[in-house]
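Same chain, two partners: chain A is paired with chain B first, then with chain C.
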Partner chain A sequence: MPRPGLVLDVDSSTPPIVFHHGEDFVLEKLPAGRSRVIYPPEPHEGLEDTDAAIRHALEHPLGDSQPLSTLLFSGMKLTICFDDISLPLPPMRKPDVRQRIIEAVLDTAAAAGVDDVEIIAALALHRRMTEDELRHAVGDRVYDAFAPSGRLYNHDAEDPDGMLEIGTTDKGELVEINKRAATSDLIVYVNINLVSMDGGWKSTATGLSGYRSLRHHHNVHTMQHSKSFMDRHASELHHSNWRMGKVLRDGGVKVFQVETTLNNDTFGTSALDTASPLSMLQKREWEWTAKDRATFMAVQAGLKRMPARAKRAAFQSWKAPYAVTSVQAGEVEAVHERTLEQNFAQHLVPVEGQTDVLTMGLPYICPYNVNSVMNPILVMCLGLGYFFNMYRGKPPVREGGVLIMRHPTPWEFHPVHHPSYIDFFEQVLSQTTDPVEVEKYEQAFAEDEWYRHLYRTSYAYHGVHPFYMWYWGSHALQHLGKVVIVGGDPKAVRRLGFAPASTMADALEIASDVVGPAPTITHVHNPPLLMADVT
Partner chain B sequence: MKVELPDPRRKLRQLAFPLVAPTTPLGVEPRPKERRTGADYDTEWARSFRARWTRTVLLESVLRPTAAAIARPRRRGIDRLADLQGAGEPVIFCANHHSHVDTPIVLTSLPEPWRYQVFVGAAADYFFRNRATGAAASLLLNAIPIERATVTRRSADLAANLIDDGWSMLIFPEGGRSPDGWGQDFRGGAAYLARRTGAPVVPIHLSGTDRILPKGAKRLRPGPTTVTFGDPIRAEEGEDTRRLATRIEAAVAALADEHTSDWYAARVRAHTGDTPGLGGPDGPSWRRAWALGERSPSRRRRAAWPPR
Partner chain C sequence: MKALEFSRKPARYAAAMIAGALRPGAGASVGPLRLRDLDEPEAPADGWVTLRPRLAGICGSDLSTIDGHSSRYFEPIVSFPFVPGHEVVGDLDDGTRAVLVPVLHCEVRGITPPCPGCASGDVNRCERIAFGHLEPGLQSGFCESTGGGWSEVMVAHPAQLVPVPDELSDEAAVMVEPTACAVHAADAAVRALDALPDRDGPVVVIGAGTLGLLTIAAISDVLPDGTPIMTGGKYAHQKRLATELGATTVVSPDELNGAVRLATRSTKLAKDHSGSSRTGGQLTGGAPIVVDCVGSEASLAQALEVVAPGGTILVVGMPATVSLDLTGLWHREVALRGVYAYRREDFRAALQLVASKDLGRLVSATYPLSRYEDAIVHAADAGRRGAVKIAFDLRKTSERKP
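Coming up: the complex of A and B.
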């Protein structure tokens, strides 16, 4: 029976706490008597028979949807869309749950004699997935059956003939999605809900849309009013997507949503899982065995001697042994409510009150640097965007408090994946780091022909994407009094508008200038993921 | 003068009991000779710790590099076994059979946890025809003798007991190598064992081995091969052996179809009952040989340009 999450009050006997530090790990001793550590719940048991659960979900849909087999008929136009490379993180071991679902859907379609099937990676303005990445997500069988004939491909939000305007919401938001999907008799959307932000109408209204639609909710105002964007009912980002979903539904776009949840077994907890050299990271530090400690020291010593490129390659090759904890299908909103229950059950930890300082260790990966480089803008997005927003109720740090993050923050960019990030870092952040001011430069990047060309034909994120990364952290920037990065490249950290510190003690010293001496501290333990339910 | 040398054979003949075996007195019924070859070959020694260790070394140091050099096997569909791998239960692997190289290729393609915990059902009248071949098959392949003509109690009991003890089995239900490159009807042995033991059957389709060493060939012709694993099949409640054997054959045929066309097209044909059989077309041998040449894998890759 997996244990629930835990809030540990740090005392003098508490061992040092492990922090992610990019492609490294650090042990930090937090001040006793005024620090607390939030530990995530242990990984939930996976489904015993995932394939049977998928088939059951497809034939016993939630909400007012019919079973999938009755929605499929010979001569129809079927489009299957799936979440892109940004999910899950790290990528899961084969077989990916998307492959299992797509194969089950296609098998049902084959039984119904459906010929016109297309499969689309719903990546919005993310970079296109490579052949290897597509193969990993959908499996070789599906790839070989559909990709060679051009029936499995990446969504292209800048294709002038590939998008269709569906309508406008009552708040004036334009809804435009992939034309093939919009004109299909049925869209089957295959999702992975790693965290509660994913899924629901966000799958279709965001994943299959383009800049003209996205700008209505990917902006500073929306993000500052999403508190947090991990809590759909308190998120303006989700309210906007739900309004767009209503326009899609009223416009005759028929969506059969298949959502899945995973447990938080990022590095392997099973004693039999011999392929998990980092399984100790899933444990609470005082429960590490002699073997865990020896392995940790060996890993640290090894990492110290490895060149940066080799370290990155080693970490990026890690495939998480996630287990599927639920599969639900049918009408979008009914499905998503069930999905959120599962997400919250795995991630939520009840926490009382706020503290002056929030600390976190940032890992080597975020949704936008899979098989790529974690550049400084992504460091900001991961810390102030994703991790800061992993709360329900209110943030675990008080307004005007300090966020201390650990990450090497190298001044390094992937020139193929993130070309507009380089220019954003050099041209925009050198002028201002205020999200409202930054927003003024957005259109020039969004409509730049070169970025558009790279997005469509290379493997580049869209020109506007670094702006969205910055907006993602705008709620945190508004809430916090200061941000400190420990162990980062000082020049890059300063360019982000944050304070660099070489040690955690220095960072706490810097923080005390803002929040007063002997501040109270909350540390969010990661890995694995958790969500603080703060009252 | 002619010197007569002693004849050793004559000297031997002159030896008497107990230096030579006794003769049976007339009027006494001689005891039947205990058969120690064929289906009666005792393979238990081949599952001792030392034999298993030796086999593991031979598999990794001889069979695997040899199979890789000769057949360059490409393994597909191992992801279909993910749930079984987690459960770690014994499995009956059923493959089509073209060539003597089939067994080493499958053995070196099996994933954990079955790779070193598997035995092979081998023809008693061929691999166990004498003690030397029997010993080699037992040690190298962990083979047990299976009567091809009938399902004997001894063969079936031995296989079922090993499966109950946690061993997985590799069996070629066609009962022998294909004479012309096309498949033969599946026999009921694997289905019988699956029903009796409750073990899942994993269909396997082998392609390309008929070109490397077909039946009757004397020389190896190295070439590419593909090993495709299918979805596990379990005996349904009340399902008889014949029906289960038919399902296993259909599953291997569907894998063959998947290999020569694509997965979705194969699924559509499987649902409409149009999957081409393993036996190939009827007609004279030249037409069957002609049709064989038309089967070619179509692992089509997307054109690199224009990007989509």
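Coming up: the complex of A and C.
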């Protein structure tokens, strides 16, 4: 039986705590008597028979939905859409759960005599997936059957003939999604709900949409009113997506949603799992065995000797041994409520009150640098966007408090994946880091032909995407009094508008200017992921 | 008198070329430049006057000469030995402070009738710079007959002198000559823009050293408000000054292509399908006017990448022998035009600009002649050391600013 999460009060006997530091790990001793560490629940048990659970979910749908087999008929137009490379993180070991679901849906469709089937990576304005990445997500059998004939492909939000306007919400938000999907008799959406932000109407209303729709909720105002965007009921981002979902439903777009949850077994929990050399990271530090400590030291020593490029390649090749903890299918909202229960059960940790300082170690990966470089803008987005928002109720750090993150934050960009990020970093952030001011530059990037060309034909994130990264952190920027990055490239850190520090002690000294001496500290332990339920 | 003299010594020149390639400015130590006690120069003709330099700047063309990078084009239009220094503010015997207009044109050389360039006022286009009663030399500071600013005494023709208003400091006055170059470049940019059917688009200035910064100041002064001026600055102080002097977009040099691309809604021709802005790349569109204030192979290549089809590249920085792929110039019908020095009236505008934009602040450090090696190294490494203009200070010690 997995143990629940806990909050540990740090005292003098507490061992140093593991922090992610990009492609490294660091042990930090947090100040005793005024620090606490939030530990996630242990990984939940996976389903005994995932394929059986999938088949069961397809035929026993939730909410106002018929079983999948009764929704399929000969002569129909079926489109299967699936979450892209941004999920899960790190990527999961084969077989990916999307492959299992798509194969099950295709088997059901074949039995019903459906032959007009197309499969779309619902990537919105993310970069296109490569063949290898598509193969990993859907499996070789599906890829070989569909891709060569052009029936498995990446969504293209800038295809002038590929998008269809469905309508407008009661708040004036335009709803436009992929035309093939919108004109199908049925969309089967295959999701991985790694965290509670994912899924629901966000799958179709965001994943299959384009700039004209996204700009209604991917903006500073929405993100500053999403507290947090991991809590869908308190998230304006989700309210907007749900309004759009209603327009889709009322407009006749029929969605059969298949959502899945994974446990938080990022690095492997079994000592017998020899493919998991970092399994000690899943444990609480005081429970490390002598072997765990020796392995950790050996890993650190090895990482120190490795060239940066080799280290990046090694980490990016890691496939997590997640277990699938639930599969539910049917009507979008009913499915998603069940999904959220599973997410929260795995991630939530009850936490009382706020502290002056929040600390976190940022890993080597975020949703937008799979097989790529974690550039400074993504560091900001991961820390102030995703990790800061991993709360329900209120942030674990008080308003006006300080966020201290660890990450090397190199001034480095992937030239193919992130071309507009380079220009954003140089031309926008050099002028302002205020999200409201940043937003004024958005349109020029969003409508830039070169970025559009690269998004459509290369493997580049859309021109507007770095803006969204910045907006993702706008609630945190509004809430916090200061942000400090420990161990980052000082020049890059300053460009982000943050303070660089070389050690945690220096960072706490810098923080004292804002929160006074001897501040109280919350450390969010990672790995693996958790969500603070703060009262 | 004390003077720095540059003599024709091929072995030393070769040594300077090697040393200068290894470390910019190192040619001062091993090359033909030496501090000497020389006789004061004699007036080459009636009417010439004595000018006692107060401050004399170190220019990029001086550095090129000292480090042995100058083109052989100059061989027939300089005369050895010469005392360098053509950015000069000095005292006349009557107590007047004056700035030197160093071009040695027909009038100065006693040539009548003047050549067509001089007759039309374009003394910078003089066709007689190797003739007349002076030894060859395109400017004072490259001519055996006149001496130069890196000395205690030189001679000048009255047509070469512009009085300095009392309110202008020596530091400001020594910036007048390079500013006149920038004024001339700005005038050329305006004329090139006027000649275009569509004036829309930014003016791009490549280089944010002394000449680049002054050109930004001059261009922002004459172009209509709102005309975007884009530049790439390698160092923080260059970026700050470029912004203060009128550039509207200031990025790193390797980001300039990306910035111009974005501003001009252009796309890029990338062989590897990479979207990188850092690696440069040929734009499909670009800026109608690109002002190259560096003149190097790299800067000219970048200018060709970011100039719009039908646009004009103004080469303001002194180039040397370069290797360039001109296919784009041909294919995109780009004009490549040199901009050298100034007309005399450019000095009037330069005096005003120096005063109105406080350009004396660009003088970052001064040295006595005795420390010429340090001065040259500092000037050659100015950007990295947070400096812009380095000058020799020839004032009496009691007159020097602390």
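What we mean here is this: the second predicted complex is superposed on the first by the 535 of 535 C-alpha atoms of A that agree within 3 Å, B and C clash if a C-alpha of one lies under 4 Å from a C-alpha of the other, contacts with A are read in each partner's own complex, and residues count from 1 in each chain.
As a convention for this text, a contact is a pair of C-beta atoms (placed from the backbone, for glycine too) under 8 Å apart; a residue touches a chain by one contact, two chains touch by 3 or more.
Just so it is clear, the model here is predicted, and its values are computed rather than measured.
By the touch criterion stated above, A:419 is placed in contact with chain C alone, chain B being left untouched. When both complexes are overlaid on chain A, the residue A:514 reaches neither chain B nor chain C.
When the two complexes are overlaid on their common chain A, residue A:427 makes contact with chain C while staying clear of chain B. After overlaying the two complexes on the shared chain, residue contacts for A:457 are found with chain B and with chain C alike. Touch counts on chain A: comparing chain C and chain B, the chain ahead is B. By the touch criterion stated above, A:314 is placed in contact with neither chain B nor chain C. Of the two partner chains placed around the shared chain by superposition, chain C is the only one that A:445 touches, whereas chain B remains out of contact.
Chain A uses residues 457-458 to touch chain B in one structure and chain C in the other. Residues 249, 251-252, 255, 258-259, 261-262, 265-268, 273-279 of chain C touch chain A in their complex. Put simply, chain A touches chain C in their complex at residues 413, 415-416, 418-420, 422-423, 426-427, 430, 444-445, 448-451, 453-454, 457-458, 460. Of all the residues in chain B, the ones that touch chain A in their complex are 76-77, 79-80, 82-83, 258, 262-265, 267-268, 270-272, 299-302, 306-308. Contact residues of chain A toward chain B in the complex are 49-51, 94-95, 99, 106-107, 110-111, 113, 115, 117, 128, 131, 139-142, 144-150, 153-154, 156, 456-458.
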